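Pasting the structures in now, so scroll down.
One chain, subunit A, links the two complexes that follow: it is found with subunit B in the first and with subunit C in the second.
Right after this comes the complex of A and B.
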């Protein structure tokens, strides 16, 4: 028998998708039965009360979590988010319901043993509920009490060799796609770069000193499986310099139907015979491909590496051989004036250990942002406020056509006099005589 | 709200152990909090941080950004964590009697 009646939540279970309500009910029942005889360190009712408080919130159309909460572990300024219920008497199991963020492994590879280890700790010291994974990428452990925090920190670091993630105005847990470990499109080793920078920037990750959060994300190619361009302040996206490699015999094999387009990923329905002109050539966003009935050609100078042709015919068309990455800056979710994608800062960088070139860009940006950034201003906002030119100046990067959003339709770049060979003369007073304000 | 009695003084605190009223702050408060914040002995360096936080708060009505705290006191962030193991927000602000920083999660 459920502790709280939850008619509104129950409705959520009737949809076609797996339901978090069912998951929490399952955990509530499991904790009540306690088949493994766990010596629960926080109230056994925690998941039941979570359902109860959520039901009440739905009814009241108001949240019953208090705003904010400052809890943590010694030595770290982030990684734990304090959460308190404003109806602790009604829902004692969630009077404290702190969230613990754990750094996920690069590429999110786990062994079953590891996951069991994490869950053993979390069943004992927390609610048993998790979110795999939070939108930053962390393993999110949902719901525990203040006295358990140091215990959890000790257990995950000592038993699981796992560290807390980031929260607050610091470097958030870096995240990457699985990259070269499984994916033929990967232009660099995302896992190694992600892991290395995570280790190199421990201070920035654990001891908040930034104006606001800062996220790294690493995509191995422009397919963007971790959506770095939309979801990270500092997006590293694999790319290549040389020509796309085309195997003409295999192109013919695709045309003849020997290979399934898109690796057979649209098999749910009969789309008819593969039409290379309609499905690939005409879909190229820059119109830089042609097919004469026998040979596929690409005008590589005009390819924007959208990945479409490569995704559709991976056996025949491959990324170029000279690979590296582009660095983009400043994505954020809507806070002040709407969602913002990252802007291209470094068109091409070779991604090689020990990644000094990338780290130099990062550290120049941090120095500038920490000096100029306002409280709670993402670097993308600082960039907009103080201009992209300023960003180029502080990162010692020269302006180039790739920085212009639409170089063909909007060719304006602001040059300072000393940047133009020979300079230029401008007499403001004389100019204003001819042109009124 | 919980109240704390210590050496004849009474303090109102929130669930994270922050003072509810800045005006309640006394030296006894610092003494009371130091144990739970992992501080063995108060040094002039602790006091320097606490005094700056209070000055800044009185002038601006908010806690300073960490970078400013570092700059004014001359203590590197690492050192601030050595002084206040639970950090400038949770540890130092609590000891200085500032209201709980509404940290971003």
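Right after this comes the complex of A and C.
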């Protein structure tokens, strides 16, 4: 028998998709039965009370959570987010319901043992409910009480070799795609870069001194499996400099139907014979491809790395051999004023250990943003407010054509007088002798 | 001349009417210092237990340990 009647939540379970309500009910029943004899350190009926307070919020059309607080682990300014229920007498199981963020492994590679280890800690000391994963990419443990925080921190660091993630005005838990561990498109080792920078910037991750959140994400190629261009302040996206490699015999094999286009994706329906002109050449956003019936040609200078031809014919068309990454800055996805994508800052950088070139860009940006950024201002907003040109100055990067989206319609990169031979002064009288008014 | 830590504590116990402060508020106490140096002073005070973090989840602030109404949440 459920602790609280939840008719509104029950309705959510009737939809076609798996329901979080069913999941929470399952955990509530599991905790009540306690088949493993766990010595629960927080109220057993925590998931039941979570359903109760959510039902009440649906009924009242108001939240019953208070958020924010001083809770955390000693010395860390992030990783724990305080949550309190404003109806603690009605729902004592969720009077405290703090969130704990844990840094996920690079590329989100887990072993079953690791996941069981995390869940053993979390079943004992928390609600047993998780969010795998949060939007930033970390493991999110939902709901525990203040006295359990240090215990959880000790256990995850000592037993699982796992650290808390980021929250607040911190560097947030960096995230990456699988990269070269699994993917032939990856232009650099995303996991090594992600892991190295996570370790190198521990102070920024745990002790907040930024105006607001700051996110790193690492995509191995422009397919953007972690969507760094949309979801991180500092987006590193793999790219290449040299020409796309084409194996003409294999192109013919695709045309002849010997290879399945797209690696056999969308195979649930008969789309007819593969048409290389319609499905690849005509889909090129810059029109830089042609196929004469025997040979596929690419005008590489006009390629924008959309990845469509490579994705469709991976056996025949491969990324160029000289690989590296582009760095873009300033994406954010705020609720009120709409999303902003990152802007290209470094068109090409070689990604090699110890990554000093990338770290220099990062640290110059931080120094500038910490000084100039307003409270609760993302670096993308600072960039818009103080100009892209200012950003180029502080990062010691020269303006180049790739920085300009549309020449003349938004000429936000201006020359300074000292950059122009002869300065801005000119002889008006001499000019007028040559040019009548 | 009071030490940097004393200056921070003096600022916090002064009549500001607030119990929690942004990092940038502390930078104003030391206009000639780099942000990272100010951060070191605050980190030391946190490690000594004199200051504590307050976090909403999205923003983080600093305050004197035990100051403000947040402490009551835990009692």
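Observations, loosely collected:
Simple rule for what comes next: the second predicted complex is superposed on the first by the 409 of 437 C-alpha atoms of A that agree within 3 Å, B and C clash if a C-alpha of one lies under 4 Å from a C-alpha of the other, contacts with A are read in each partner's own complex, and residues count from 1 in each chain.
Quick note on the criterion: a contact is a pair of C-beta atoms (placed from the backbone, for glycine too) under 8 Å apart; a residue touches a chain by one contact, two chains touch by 3 or more.
None of these values were measured; they are calculated from a predicted model.
After overlaying the two complexes on the shared chain, residue contacts for A:222 are found with neither subunit B nor subunit C. In the superposition on chain A, A:208 makes contact with both subunit B and subunit C.
Of the two partner chains, both subunit B and subunit C are touched by A:84.
Looking at the shared chain after the overlay, A:169 reaches both subunit B and subunit C. Residue contacts after overlaying the shared chain place A:69 against subunit B and subunit C alike. When the two structures are aligned on the shared chain, A:370 is found in touch with subunit B and with subunit C. Subunit A residues in contact with subunit B (one complex) as well as with subunit C (other complex) are 67-72, 75-77, 81-82, 84, 99, 167-169, 207-209, 211-213, 370, 375-376. Across the complex, subunit A is touched by residues 22-24, 34-36, 38-39, 42-43, 46-47, 52-60, 63, 70-71, 73-74 of subunit C. On the subunit B side of its complex with subunit A, the touching residues are 15-16, 18, 38, 65-67, 70, 77-78, 81, 85-90, 94, 100-105. Remark: subunit A residues 67-77, 81-82, 84, 96, 99, 167-169, 203, 207-209, 211-213, 370, 375-376 touch subunit B in the complex. Across the complex, subunit C is touched by residues 66-72, 75-78, 80-82, 84, 99, 146, 167-170, 207-213, 367, 370-371, 374-376 of subunit A.
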